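The next part holds the structures, each set out as C-alpha cells.
In the two complexes below, subunit A is the common chain; its partner is subunit B in one and subunit C in the other.
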Partner chain A sequence: MMDAHRQNRLRALTTPVILIAILLAFVLIITATGDKSLARMAAQTLIRVTFVVGLWIFVGNSGVVSFGHAGFMAIGAYCSAWLTLRPQMKGMFLPDLPPWLASAEWPHLPATVVSGLLAALVALIVGAAILRLSGIAASIATFAFLAIVDTVYSNWEGVTGATSSVVGLDRYADEWVTLIWASVAVLAAAIYANSASGLALRATREDEVAAAASGVNMYRHRLLSLVISGFFTGVSGVLLGHSLGVLNPNSFYLGITFITLAMLVVGGIGSLSGAVIGVLVLSVLIEGLVRFERGIDIGGASFALPSGAQEILIGIIMILVLIIRPTGLTGGRELRLPAFGLRVRNSKQEPQSTN
Partner chain B sequence: MTKLGVYDLEVRYGKVPALGGVTLHLQEGERLFVSGPNGAGKSSLLKAIAGAVSSSHGRVELDGDIITGKSAEAIARYGLSMVPEGRDIFSTLTVEENLRVGTGIRADKQAIEGDISEIYDAFPILGERRHANAGALSGGQQQMLAIGRGLMTNPKLMMVDEPSLGLAPNIVDQVYDTLVALQQERGLTLLIVEQSSARAARVGGRMVLLRGGQVVGDGDAAEFAKRDLLKEAYFGQADQSKSMEEAL
Partner chain C sequence: MNAVPQLFFDAAALGGIYAMAALGIALIFGVMNLVNFAHGEYIAFCVFALIVPSSDAVAVMFLGKAPAILLIPVLLALGALIAVTSEYLVFRQLRNANPVAMMISSFALGFVIQNALLAVYGSRPKAISLWPDLNTPISVVGASVPLLQLIVIITTLLVVSVLALLLKKTRVGLEMRAAAENFTMARLLGVRANVVITGAFALSGAMAAAVAMIMVTQTGVADVRMGGQIMLVAFIATVIGGLGSLPGAVAAGFLIGAVSVVLQAALPLDARPFRDAFLYTLVIVSLLLRPQGLFASASAKPRV
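Let's turn to the complex of A and B:
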C-alpha cells in the first residue's frame, strides 16, 4: 500500500523531470545554432516559463484567475535593481533611495532570492485581503493590485525612476541562468501540486462546499500558494531586468499579463505541463512569425509578412487551439513516464497484500 | 448519550424559509433517516448542521459543544462529515486523491494508509480504479467514493444526503450494506436522507419526516413503511404527515 502510493508519487515527480529535460533540450538546440539573437529569445522564453509556472502554482491549483502577477514581477525586478546597481548609478537616477539601499551592492544570487522574498511578502499581505473574496471578485481585485503597483512604480520618481527607465543593470541572465531558475520553478510547482496543501487546493477548485466539508481551509491554502507563486513571479522579474538591462514599469503591465495568461490557457491551465508547453509553443511561434515579418529568403526570392501580421496570426492560432482543444494543448494532463510494472501493483492484488 | 442536538433550527434563503424551527436529537451510534417530499428542507437541514449554509435562528450541538456559526471546515474538525447530494466528488482528481483530501485535518497520520485500504476493502472497485480520474467513474462508484471520502476525515457523525439518488436498486443495496457494516465497525452515528421509507425500513433505524421545513413525524422506519403502504393502498396522495401524526 505504502509502496504503491510512494511509487505513484514518484511517478508524479517524473513530470518535472520530463519538463526540465524539454527545457534543457530547447536551450541546447538554440545554443547549437550559435545565433546570438536566438539565444536572447531563449532567455526571454525561459523567463516567461518561470513567470507562467509561478503563476500556475496559484491559478492552476486554485482555479482563481489572477491578473495581478505582473505586479509581483515588477516588485522583484525593481528590488533587484536597488540591491545590485552600482551606487553611483543609483545616486544619479534613484536619488531618493534610503542610504543603506543606495550603497548596497549585492551579489546576484542573494539579490535574486531577497527580491523574490519581497514579492512573496507582498503576496502574503495582498493575498490576506484579496483571498477573502472568491471567484470573479478575487480576479478583479488582483487586477486592482496590478493597477496600484503600476501607478506607484510609474510615479515614484526618486525610487523607481518612474517612466524614465532604470538602466545599467548587469545583464547576467543568459539562457543558462534562466534555465536554472525555470527548472527550480518547475520542480517547486510539481512538489507543491503534489503536497497535501496542493491537493486540498485542487479540491477547492473542483468544489468549494465539498472541500470545506472535508475540513479544507480554502483561504489558508490559497494564501500559501499565492506566496510561493509570488516568489517565483518575483524572481522572473529579476531575471527580466537582468536580461534586458533596462527596467520600465510598462514592461510589467497589461502586455505581459495577457500574453502570459494566453500562454497558460493555450497550454492547458489544468496542468503544470500545460504551463510549460504553452510558453514554449507560443514563444517559438511568435519568434518565427517575427522573423517572417522581417522577411526570409527561399530560393533567392524574398518573402515577408506585412508588419502587424504576427499579432493577428498569433491571435488566430490561439482561437483555433481553443476551439479545437478548449482545455488547452495538454488537455489538463501531465506528461509522465508510462507506468512500467506498476500496473500489476495497481490491480486487485494490492488491497489483499496489505491485510 | 446525545451525539447531535438540533434546537429550533431555522434556515432562510433570502425571504424564503427553508427550515422553520427543527428540533431533533441523535444518540451516539444511532442511525437516523430523514425523509420527506421535495422541498421539505432535508438538504437544508444537513447543510445547516454541517455549516455549509448559515442558520438564521436556533442552535446545533455536537457532543454538547455548540457548533452553530462555525465554518464548515471547523465543523469537520469536530468529527462531523457530510456527504453532499449528487455525488459531489472532485472530478479531475484521482480516486485516491479524493480520499486523501479529507486527511489534511487528521492528527493520526500513520492511520491514514490503513484507512484507505479499509475503504478499498469496503468498495473494491475503488481500489481497482484508484488512479483513475474520479469524473470517469460510474454514478454508483462516485457515490461510493463520496462516502469513502466522507469517512477519511475520521468522523464520529456522518451525514449522507440521498445516497440512493439516481442509482440502480442493486447498487443502492450495496451502498447501504457497506454503510451499515462501516457503522458497526467504527461505532459511527449516521444521519441519512432517504426518500423511500421502504428502503429505510429494510436497512432499519429511526426515521424523521420533514414537511414544509418542519418535523411532522418521528418513529421507527418500519412503522413509516407500513403507513406508506396503507396510504398508497387506501388514500392515494393522502396527507402523509397527518396519518403519521395519528400513528405516533
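Let's turn to the complex of A and C:
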C-alpha cells in the first residue's frame, strides 16, 4: 500500500512522460503532412522547447527572471561550430582559433555534449558571482552578462567571425534530433524539479526568509540549477546552429530573450508543463499568423494580413493572456495522470501541489 | 585642443541623456514597482512622430517642420500621451499581477509599438535633420564643444531641478514621493493612486520625448531600434542607482556616461570594440559590492 506522499511523488514523474508524448505526437502529426517547411518549423519549435525548458530549470524553480540565457545559447552554438566545422573553412573564416581547435573535426554528439558543458561551466563561473544577488539586481546582472557575451561575440573577429555570419555548419538537426534533445531536457527538468535540491529551491522561491530559516542554502541550489539550465540552453544553441547552418551573434540577443521569456510566462512560469505548452502554443500561433500574412484562400477569396501584423498580434495576445491569466495558461499546474484507485481514501489530505 | 575638458563635456552630455532616460524608468518603478521595458519604444515613437509616415530612406519632416517653440511642447505632450495611454490600456489592468508578469507585459507592449513603427516606417534607418545648427562646435575653456552638448547638459540640469521642485513643492509631487516610499501605506493615508500613477507615466513619457529630441539632433538618424540600447543603459542606471531612488537614477546615469567615455578614451585600440563588455563587467561588480544600489535610500532595504 502506497502512502499519499509516495504516490504523489510517483505521479509527479508522469509529467515528463505526458509532455514527451505530446512532443512526439506533435512531430508525428507534422511529419504525416509531409510538408518540408512544416518540418523545419517543428525542428525550430523543439529547439525552443529545449531552450525554454532549460530556462525554466532555473527561472521556474528559483523565481529569478534571467535575461542572460541567450548568452549560454550563443556560447554553446559557437563552441559546436569551432568543434565541427571543416578545418579549411575555419582557416578561412576564423583564422585566430588556436591550432588544436582549428584542426578539430568532431562527430556531432560529443561536440554537442562538450558545447553544453562549456555553457554549463560558464554558468557556474558567472552564477557564482551573480547569484549572490537577489531579486531584481540578479536579473539586471544576467542582463549585463548577456550584453557582455553579445559584445564579445560581435567583435572578436578572428574567433567568432564577428557580425559577418559563420556559415557552413552541418544541418543535421532535423525534427527527430531536436525531439530527442527536447525530451532529454524535459526529463532532466522533471527529475531536477522533484529532487531534494529542486524542492529546496522552490521553497526559496515561495519565501526566501522562511526557507533560509529552515536551513536551505539558497545560493548553492540556485547555482546548481543554473548550471543544469546552462547545459540545456547551450545544447539548444548547438541545435539552432545546426538547424539553420548559419550563426550570427544577433540571433542570440534581445529577440530570442524576449520571445522565449514570453513563451515561458504565457505558458505559466510556475510549472514545467507551462514551459512546454507555452512554446507549443506560441510557436503554432506564430506559424499560423505567418502563413496568414502570406495570404490564404477562404471560399475563393484570398485574405492576407498586412506584413508586420503577425508580430503586433503576438504582442497583443501576450498582453491579453497576462491580463486574463497572470499566472499563465497552465496557472502553475503540472499535467499529471489522474489519481489511481487506491488514492481515493487519501483525497482529503491531498494538498495538490500547485507548485 | 584640450583633452580633459573635452572629455568632461562628452561625459556630461552622454550621462545627461542616460540620466534623463533613467529618471523616466525610475519614476514608474518608484510608484508601481514596474520595470517598464516599453520606455525605449516611447523614445522611438517620439522620434518617428517627427516625420511623415513612409518607408523611404529619406525622411520628410512632419511634426519636425514646426518651429521649436511649438515642436517642443507638442512632442513632450505626445510622449506623455503615449505613456498615459499605455498605462490605461495595459498596466492598469495588471495592477495586482506580480512584478514578473508586469515586466513581461511591458516587454510585449514595447514589442507591439516597435513592430507597429516597423510596419509603418520600414526597417531601414532614416537620415533626419532636426536643428542641424546645434551641432556646430563652439569653443569653451579650450575644448571645442557642439552647442548641443551644452544644451543637453543644461537641459538635464534644468529637467532634474524642475522635477525636484515639482516633487518637493506640489501636492502631486508629495503624493508621488509618498507612493514611491510605500505605496500601500500612502493609499491608506488618502493618496490618490490613479492620479499619482497617471502623473508618473505622463512625466516619464515627457522625459522620453526629451531624450528623443536630443538623440535625433545628435545622431541625425531615426531608427526603430534606437530606443532599445538607451533603455538598457537607463535600466541598468536605475538599478545601480538604487531602485526607486530618483537622485540615485540621475547620479548613476551620469556615472555610466562618464565611465563609458573614459573607457573609450583610456582603453588600448585593440580592446576598444569590447568597451561595452568592460562597462557591463563594472556593472556586475558594482551590483556585487552594493546590491541595494550605490545611492539607495534607507527604506530600499527589504524588510523581513
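Operating definition for what follows: the second predicted complex is superposed on the first by the 337 of 355 C-alpha atoms of A that agree within 3 Å, B and C clash if a C-alpha of one lies under 4 Å from a C-alpha of the other, contacts with A are read in each partner's own complex, and residues count from 1 in each chain.
Criterion: a contact is a pair of C-beta atoms (placed from the backbone, for glycine too) under 8 Å apart; a residue touches a chain by one contact, two chains touch by 3 or more.
Since the model is a prediction, treat every value here as computed from it, not as a measurement.
Of the two partner chains placed around the shared chain by superposition, subunit C is the only one that A:Ala137 touches, whereas subunit B remains out of contact.
Once the two complexes are overlaid on the shared chain, A:Asp207 sits against subunit B while remaining clear of subunit C.
Once the two complexes are overlaid on the shared chain, A:Leu254 sits against subunit C while remaining clear of subunit B.
Counting the residues of subunit A touched by each of subunit B and subunit C gives the higher count for C. By the touch criterion defined above, A:Phe145 lies against subunit C but remains apart from subunit B after alignment on the C-alpha atoms of chain A. When the shared chain is aligned, subunit C comes close enough to touch A:Ile319, but subunit B does not. By the touch criterion defined above, A:Pro99 lies against neither subunit B nor subunit C after alignment on the C-alpha atoms of chain A.
Touched by subunit B in one complex and by subunit C in the other are residues 209 of subunit A. Those residues of subunit B that touch subunit A in the shared complex are 50-52, 71-73, 76-77, 81-84, 88-93, 96-98, 100-105, 113-114, 116-117, 120-121, 124, 127-128, 130-131, 149-150, 152-153. Residues of subunit C touching subunit A in their complex: 35, 90, 93-94, 96-101, 103-105, 107-109, 111-112, 115-116, 118-119, 228, 232, 235-236, 239-240, 243, 273-277, 280-281, 283-284, 287-288, 291-292, 302, 304. Listing the residues of subunit A that touch subunit B in their complex gives 1-2, 5, 8, 196-197, 199-200, 202-203, 205-207, 209-218, 270, 332, 346-348, 350-351, 354-355. Looking at the complex, you find that subunit A touches subunit C at residues 65, 129-130, 132-137, 140-141, 143-145, 147-148, 151-152, 155, 209, 254, 258, 261-262, 265, 269, 306-309, 311-312, 314-316, 318-319, 322-323, 326-327.
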